[in-house]
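Since the structure comes first, as structure tokens, the remarks are kept for the end.
Per-chain residue numbering starts at 1, and chain names A, B, C and D are given in the order in which the chains are listed.
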Amino acid sequence: MTSGTGGDIRLMKGNEALAEAALRAGMQAYFGYPITPQSEVLEYLALHAPQHPGTVVLQAESEIAAINMVFGAAGAGARAMITSSGPGISLMQEGLSYMACAQLPALVVNVQRGGPGLGTIQPSQGDYQQAVKGGGHGDYRLIVLAPASVQELVDHVFLGFQLAERYRNPAMILADGALGQMMEKVALPPIGSLAHSTPPWATTGKPKDRPRNVVLSVYIQSERMERQNLVLQEKYRALRETEVRCEQLGMEEADIALVAFGLSARICQKAMDLAREKGIRVGLFRPITLYPFPTAALARAASTVQAFLTVEMNAGQMVEDVRLAVEGRRPVEFTGRMGGMIPSPDEVLAKIEEMAARLRSRARS
Amino acid sequence: MTSGTGGDIRLMKGNEALAEAALRAGMQAYFGYPITPQSEVLEYLALHAPQHPGTVVLQAESEIAAINMVFGAAGAGARAMITSSGPGISLMQEGLSYMACAQLPALVVNVQRGGPGLGTIQPSQGDYQQAVKGGGHGDYRLIVLAPASVQELVDHVFLGFQLAERYRNPAMILADGALGQMMEKVALPPIGSLAHSTPPWATTGKPKDRPRNVVLSVYIQSERMERQNLVLQEKYRALRETEVRCEQLGMEEADIALVAFGLSARICQKAMDLAREKGIRVGLFRPITLYPFPTAALARAASTVQAFLTVEMNAGQMVEDVRLAVEGRRPVEFTGRMGGMIPSPDEVLAKIEEMAARLRSRARS
Amino acid sequence: MTSGTGGDIRLMKGNEALAEAALRAGMQAYFGYPITPQSEVLEYLALHAPQHPGTVVLQAESEIAAINMVFGAAGAGARAMITSSGPGISLMQEGLSYMACAQLPALVVNVQRGGPGLGTIQPSQGDYQQAVKGGGHGDYRLIVLAPASVQELVDHVFLGFQLAERYRNPAMILADGALGQMMEKVALPPIGSLAHSTPPWATTGKPKDRPRNVVLSVYIQSERMERQNLVLQEKYRALRETEVRCEQLGMEEADIALVAFGLSARICQKAMDLAREKGIRVGLFRPITLYPFPTAALARAASTVQAFLTVEMNAGQMVEDVRLAVEGRRPVEFTGRMGGMIPSPDEVLAKIEEMAARLRSRARS
Amino acid sequence: MTSGTGGDIRLMKGNEALAEAALRAGMQAYFGYPITPQSEVLEYLALHAPQHPGTVVLQAESEIAAINMVFGAAGAGARAMITSSGPGISLMQEGLSYMACAQLPALVVNVQRGGPGLGTIQPSQGDYQQAVKGGGHGDYRLIVLAPASVQELVDHVFLGFQLAERYRNPAMILADGALGQMMEKVALPPIGSLAHSTPPWATTGKPKDRPRNVVLSVYIQSERMERQNLVLQEKYRALRETEVRCEQLGMEEADIALVAFGLSARICQKAMDLAREKGIRVGLFRPITLYPFPTAALARAASTVQAFLTVEMNAGQMVEDVRLAVEGRRPVEFTGRMGGMIPSPDEVLAKIEEMAARLRSRARS
């Protein structure tokens, strides 16, 4: 293990690695409220933040208080993070819409649990559409990252802060309870590796040599409000052009493409191996950015694969974005589990075999 | 005008007609918090509810308090309503997810204003995806109705309560600020015309002759939580099969189909007239239920029309559901305004003419 | 038992008798939040209020929400009540100060438990000074009633509403957990026996024939604010002159006067009997109104008795008001228990005997 | 001016001097919510705290959130402060009672404004009884300090932290709006001059070598709760014996003693000078600790002066404590103004002359 301020290799639980990564990424303010399965984030930060002077870590009165504190901290130019799970994230929807309108960067982490409602504390991917289509009101988007390993969870903390600040927009890591609880080896970047300076628009107190900085999300005149919307839409266009990330495994020679993110993608990789053993040519398409979604890459894949199978830990949410990309050119099927249940590689394999049989019989006819 | 308890014809503002309709529909509990452009609902109810004994009308501490009071009232079997606009609706996302999981009926009205953020108080349709894709966490759906006139606003209050109670699911009326403020002639159904009895599952106190009723949204065991999700998904399937509503104008002989809901549909009707005067064969497809969305009817329309133009007062939200229905068989274009701006019939006409020219040149080539 | 709307004799628990009395007294609005030892009040009202059309009973989000709803209801002219115990009453201090300044009548019931802090759920009289000296900010007073039996608890509901409305000031019943839980026979007044009409100052909507009614507690100009204070002080003077209530038992021939309110007075009555059996001439002075305090009657008593013993279920709070009345002319001693402990008659007797011995030895010397 | 970390002489506004003193006194956590006339405290801290690493300064969602954050910070052993004015302090009464029961040190500053209610923003002393008699529920006491100059305001920050930590009890500085706004020369102690170490009872995480630390305010068993009360009462007894502070000016040769604290004492000093010019022998008795109150010193003064005049910016609150001390041996009169009005030296002089005349005529008769 290297020194405390340098890069480290450690065996860590996802939630703790996330917290440690935030400290190393120079997070200046964390506001949260405990909820399973991510309470370890706050606990870890409470214990370790004192070794990072200038880092505020605070358990607020509620998720609503917390997200509005993030608004305030981000408005003052601080690198701020908030974490929760589904019910807590739902409580933040007003705040997130306000931040998106005010163009404030921050990192929001949703360690998903099974819903809807208070639900269960087991892992889920049921908050995809909330994250990606905008759970709050108005036309806005979050940058959404979907890590599939503890290492990627750490990397996405750095990437999330970077994208949020570059584009002045909240970024969300859409993780899940299993990722938060699993232990994996992880390389931690050194402290100080992610530069930060107070942005020029921050409300840090007006000096004599510049006009007053104002951060707000209200524009009474519709013409002005529409101009603000055009600024946002232009930003989202830039994101879609520049920041799409995905991983493709064995897609060149695949007949059937599995499409899955996060934990589901790990299961799919195992299912892909099982299918290949049975001679079925299966590839894996893994969106890493859920917004912007890798639409163009999927559309290209539709030229070579014969069918898509979307695998999610929900009732079928991302599958809509897959269908929007494929535009009816190939069948897009779905399989998944809900309420905290995790699909097994064998369940996915069974579905693959069923699809493969269908493709063969169609080829014969 | 007929007698006070019978049916009435009146000239009324949308917000007030909505409130009066709720009283006549036998609403027993209203909880809300003021926000433009729908504060008249609460004001009207505060003034007139005392003439309806047994009707509780209360301004709560916040939208969060209000939606949780709706949860409580609905859980006790009362016919309950809540109204707000974008920012307030965002604050209710946790509560709505809880109600959907607990299968509680209630009527939620979103009189949309321009967002995101605090935004503007002018009309908008920017909350379509929040309403339709589930703004809260987990796999759940609201029944979503989109009135295009004050009369339909009134009718949807009755329909909304009916569907909510029949399916034990929150229903939302997705209106907008213009509809809330405009005055139109409206026929009001008589009091007592919508039957209501306390449902057998309501938590009204345990008598000796039945087991205890329990209303909750938490299921610690994943297997149990998944079963609850299967119940919900089965309900949504039934909704999609049984409760789809849409209106089609001149679609049989149309080359270009306008697709629009609510206020946009009124503008499109005018644009359609203008286009027909110019010899362009334009039809109007108006979804009345936004969830369940009229996917099948749109898919059928794709067999006869040559192109679709979706018109919305947002950056393009329903257009995704149109594209999911059309599946790439026809071009689906979008035009719209944001931030409280309303597209004019002439703007829509210009877009129609541009598309018509493109269709002609494509036909020639 | 007489008919449902007439007067009744029943055997009832204090908390339930209180709730039933409020319904019979024509309470129109109740707002509360559960806390032991008075949660039965809300439960009883939730069950029985539906039989009293026009009565709103609501569990609010918090005690703060509840007291501000009382402010609103009282401002609109409704007869409103709120109940809680120590911690909840503390949360209402801002609201109570606002109501006192705005001259709003309402009935507040504190069923005391042992404090400070979250404390214990056992009975106490630890909130005397909070109730009597003004727990909130600024110069204001509550009318404070101290019932010593379930019957008096019922009677004080009627008296509390009456005084609150006559003087336009919040009134508080200072009960305790034992009184709330004990069962006694109680005569319940009939419904409709306490007249109520909407007061002329209520904010019920401005008709054409009077100026707008305004209810507020803010006066930016100090001169105006001082005038409002003078109005309040004049009211408190009138209360002290007109509304003092106390009970005296055997005071004419007493050497030692026990001074006690509420439950303590019941214990003292037993101790008085025990002392008299031992030949000690003991009387009982029981303040019924704690504000206005029976200062003049106590001062008169100081001319005939030789010593006072104040008995309280706290560390000695009312004893200050006794001393202020006696002004050093006679010794004023104190005995009491804290934290939910109830002094026994024997403990009081022991203290009486000790004082009697001291008086005798002083007489001899 | 000396170096940044040494002692300074500066001309400062009271609120800012208070904030600077807190930083120099090693305050580690400040939580607050803005309210006139003390919002400069939060503003000053927000600007200057970043130069004091490890100091958390946070504007909470409400005064209730803020005081509970103080509970948490104090429980973890941090030196914590909160400031507000009347309405905000009223909202903290539950929290203060909890802290007193849990024996948590912290510094609370009330920069009083005219009440009751929202009142006015002008200075007042209307919260004396709330501060001194316990505005919250249960038998507890705050240590209450009453500065009469900006210098004393600074000194009381240090003294307040010291007493709070020595006695493990919240301490309050009872200032007023005039003191917060006035500019005076002030000597600021150097940083580091007030030692602080994490107390052994703090909940800092359990190491192996000591049992778990628990901080709470709930004791279900009455016997246990009473023991906790006895611990508190013993502490208050020690405070009354050891920590009483007052200032006496010209009391030895006085016929009439003015009794006043804070700003009123400054006015009385001027009135005393005016009276002496007229040959009336007037002294000034200024309580510096309002709790513990200088009862014994006042009782001793009653042996030499002929009458007392209590001067307060309220309807007469401290006068009760003066009367309790004097026990009827001398007349105790009161004069004051309310609602943000400040009595002038001439008003006080007029009252003095009236009393002097009465004393003379009594002497003659």
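One rule holds in what follows: a contact is a pair of C-beta atoms (placed from the backbone, for glycine too) under 8 Å apart; a residue touches a chain by one contact, two chains touch by 3 or more.
Since the structure is predicted, the reported quantities are computational estimates derived from the model, not experimental observations.
Each step here moves to a touching chain, and the least such steps from chain B to chain D number 2. When each chain is reduced to the average of its Cα atoms, A sits farthest from chain C. Centroids of chain A and chain B (each the mean of its C-alpha atoms) stand 29 Å apart. Note: centroid distance chain A to chain D, computed from Cα atoms, is 51 Å. In this assembly, the C-alpha centroid of chain A lies 57 Å from the C-alpha centroid of chain C. Along chain D, residues 64 each make contact with two or more other chains. Which chains touch which is summed up as A-B, A-D, B-C, C-D. On the side of chain D, the complex with chain A involves touching residues 47, 50, 53-54, 56, 58-62, 64-65, 68-69, 72, 205. Those residues of chain D that touch chain C in the complex are listed here as 64, 85-91, 93-94, 97-98, 100-102, 112, 114-122, 124, 126-127, 129-130, 133-140, 216-230, 232-233, 314-315, 317, 320, 323-324, 327-329, 337-341.
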